[in-house]
Structures are given as C-alpha cells and as structure tokens.
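Before I ask anything, let me first share the structure, which is written out below as structure tokens.
We call the chains A, B, C, D, E and F, going by the order they appear; numbering starts again at 1 in every chain.
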C-alpha cells in the first residue's frame, strides 16, 4: 500500500526520549530528497518565491511521523 | 527571533505551482540535518524503535512551511 | 455554533491515559461516516484514486480532537 | 514498513474533486475501529472525559491522508 | 457539546477568497484571549521561555478552523 | 528570514508547564491581528460565511508554535 503523504526523509535514529504519553525521536537525515510544501499562494507571492531560491523547509515536530 | 519549530531542512526551490488559493513548492533538500519527530510512546514501542534503526520521517505536505 | 472541521466520528471512550501535559484518549468508533481528506492533486493522481476504490484514511493522533 | 500514525479507517472512495493544486477525497467509512486522540491533559480534565463516554472525534480535512 | 481544541479567537470576517477546492478566510481578531501552545520541552528550554516573556504565537493557516 | 506561516499573534507568556517530553505554554494575546484560515470551499459554503460575519478561529494547541 502507498500513502498520499509521500514526503519521506530517510535517516537513522539518533536518540529516543520517552515520556508518559509522548516520545521524542531524533533522526539523522543524510540522503537528498525532494519535498513538497503546500502553502498559500499569497505567502508564496509575499515571500517572492522563485525556482532556484535557497530556502528552509520548517516543520513542527508534532507533524512528523516515523516509518520503519 | 527564534521559532520553537526548529526542524529546518535547507534546500533549493525546484519548482512552483500556483492554484487559486494554494501553492505547491518543491524543494530539493541536500544538506544533512537532525530532525525531531514527536509520536506517541505507544507507537514508539509498537514499532520497536531503537537508536541506530534506519527509518523514514514522513510528513504531509500541508504541514511544511517555507522560510526564505 | 458550527465548526468548519466537520469530519466527525461518533464513538465511545475505551480508555484514557494521562501524562504530565498530554493525554491519550482511545475511542471505539462504530458508526458509518463520510469523511473528507484534502491531499495534493498530485498525490491523488499518483495513487490513481478513483470512485469506489477501497482505501484507508490515515490520521496522526495529535491531529484528532475530542468533542463531548 | 509500518508507520507510527496508525489511526487507520477503512472505507471506499465516494467522490473526488480536483482543484489546480489540491484534491478533496470523500471516503465512506463503515468498519469499526479504535482511534487514538492526543489532547492536552487539561482539556481531558475540563471536558471531564471518562471511559464509556459517548464522544465525537473531530478532524480537520487537511490532516487526513489516504493510503491505497 | 464542547470541543477539546479550545483555543478560540473571536473576530469578524474581513475577506473571503474561494478556489476550486480550498477557501481562504481572513479574520480580524480584536478581543484579548489566552491561548495554549504545546511545544517540546526541549524547545521551551532552548528558547529560554519564562513567564512574562513577550512572544509571538505562530500558526500555519491550514491549521485554523472557523466556527460560526 | 521570513516564514510562510505568517499568522502571528503577539502576547506575553502567562504560565509554563513542563512535562517529560512536551511543554504547555499559555500566552495572553491582546493585540489585534488579521489571521488567515484555510478551510475547504465546501465548509465555507456550508457555514454560509460572508464578510462581516462574527466568527471564532479555533486552533488545536499542538498546532501553535512560539517565536521569541
């Protein structure tokens, strides 16, 4: 089966910290990948995004899943 | 100013597609990074996650922001 | 008042686990429902989605709210 | 491979609507399932959640992925 | 019924833009409110957050729902 | 650098609660702001949203980041 969320970053687990309910998993990502960000058209225009621009993809940690 | 969501993946914009309201930004990420995933402790245990495991970080594209 | 996020799945609380800050609520869902997933057009096409296809809706637990 | 986000609701695609960038997929879910919601402990206490309570799991459509 | 996501900001709709699938709703918020952000303990410590600090709550627009 | 997620609400930290892995940050927001919600066109139409409508922006706390 294939999932629609195909932003997949391959890496190795660096460390794990367990709480009562939640867990923090640190992953060392070292393989190149193409990732897709969906933002508003308005933001894209306000930031003046253009092909070739150097940017940073920012992700809140609660929005990252782990596949093993 | 610094933001709490510090999963930052550096890359170059590969392509941009604009809709009426939303935009899709493809970013070629090629620098190594440590990223943090917050999942349930239960998932971490069910997947048997351990340091050194090869895993994939999966992210829905609507959860990726762009910083320039 | 009505909320825009109208994916609502009716069920019964099966178990509750409390941490310091977060809580995990397990809900047994047993009523049929129509739910709406918003994905990229690109994903829909890559998965070859068509009416009648048997699929699975996948949701990260941090994205589920509880209404009582 | 197994994904940490294991809230999975099985169903059939009812309808598909394509935009320029995004797509809306309506899924008729009819199999019982146990789903896990992660909320704050404070919310759980303020709502007075207890085992056996009849509740609704609410999900914003942009947070639902499709697996086929 | 009450929802667990109780960060509620009261305001007036300023403008609406409709696409094929998605819609952008701009809301002018002018009433004071207490909102709760859940971040990692690590981020809270790295930012050196303390009571009384002047901060900004940042929210991706796809994560805001509208109640009317 | 500028981030695409520009819903920014200025306020003061009211209280902080630390768990093992997660932290809850309460912020008193008192400055007016225009915020943008992205919902489905279908929801916008079903709610009958129109300019001038009094509404509430609802946000799950796990989707709020803190910038300092």
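Some notes on this structure:
By our rule, a contact is a pair of C-beta atoms (placed from the backbone, for glycine too) under 8 Å apart; a residue touches a chain by one contact, two chains touch by 3 or more.
By chain, with names taken from UniProt: A, B, C, D, E, F = Molybdenum-pterin binding protein Mop5.
Remember, it's a predicted structure, so these values are computed and weren't measured experimentally.
Rotation angle, chain C onto chain F, C-alpha superposition: 120 degrees, expressed as a multiple of 5. In terms of residue-numbered contacts, A-C and A-F present the same interface, as over half of their contact pairs agree; the other options in A-F, C-E or A-E do not.
Contact count check for C-E and A-B (C-beta pairs in contact): higher for A-B.
At the interface between chain D and chain E, under half of the residue numbers appear on both sides, which makes the contact a different-residue one. Chain geometry summary: the mean Cα position of chain B and that of chain C are 21 Å apart.
Those residues of chain B in touch with two or more other chains are numbered 1-6, 18-24, 36-40, 42-44, 47, 56, 58, 60-63, 65-68. Taken as a contact graph, the chains are fully connected, with every chain touching every other chain. Interface of chain E with chain C (complex): residues 1-5, 21-22, 38, 65-68.
Of all residues in chain B, those touching chain C in their complex are 24, 38-40, 42-43, 61-62. Across the interface of their complex, chain F is touched by residues 17-20, 22-24, 37, 39-40, 42-44, 46-47, 56, 58, 60, 62 of chain A. Every residue of chain F that touches chain E in the complex is listed here, in rising order: 3-16, 18-30, 32-41, 43-44, 47-68.
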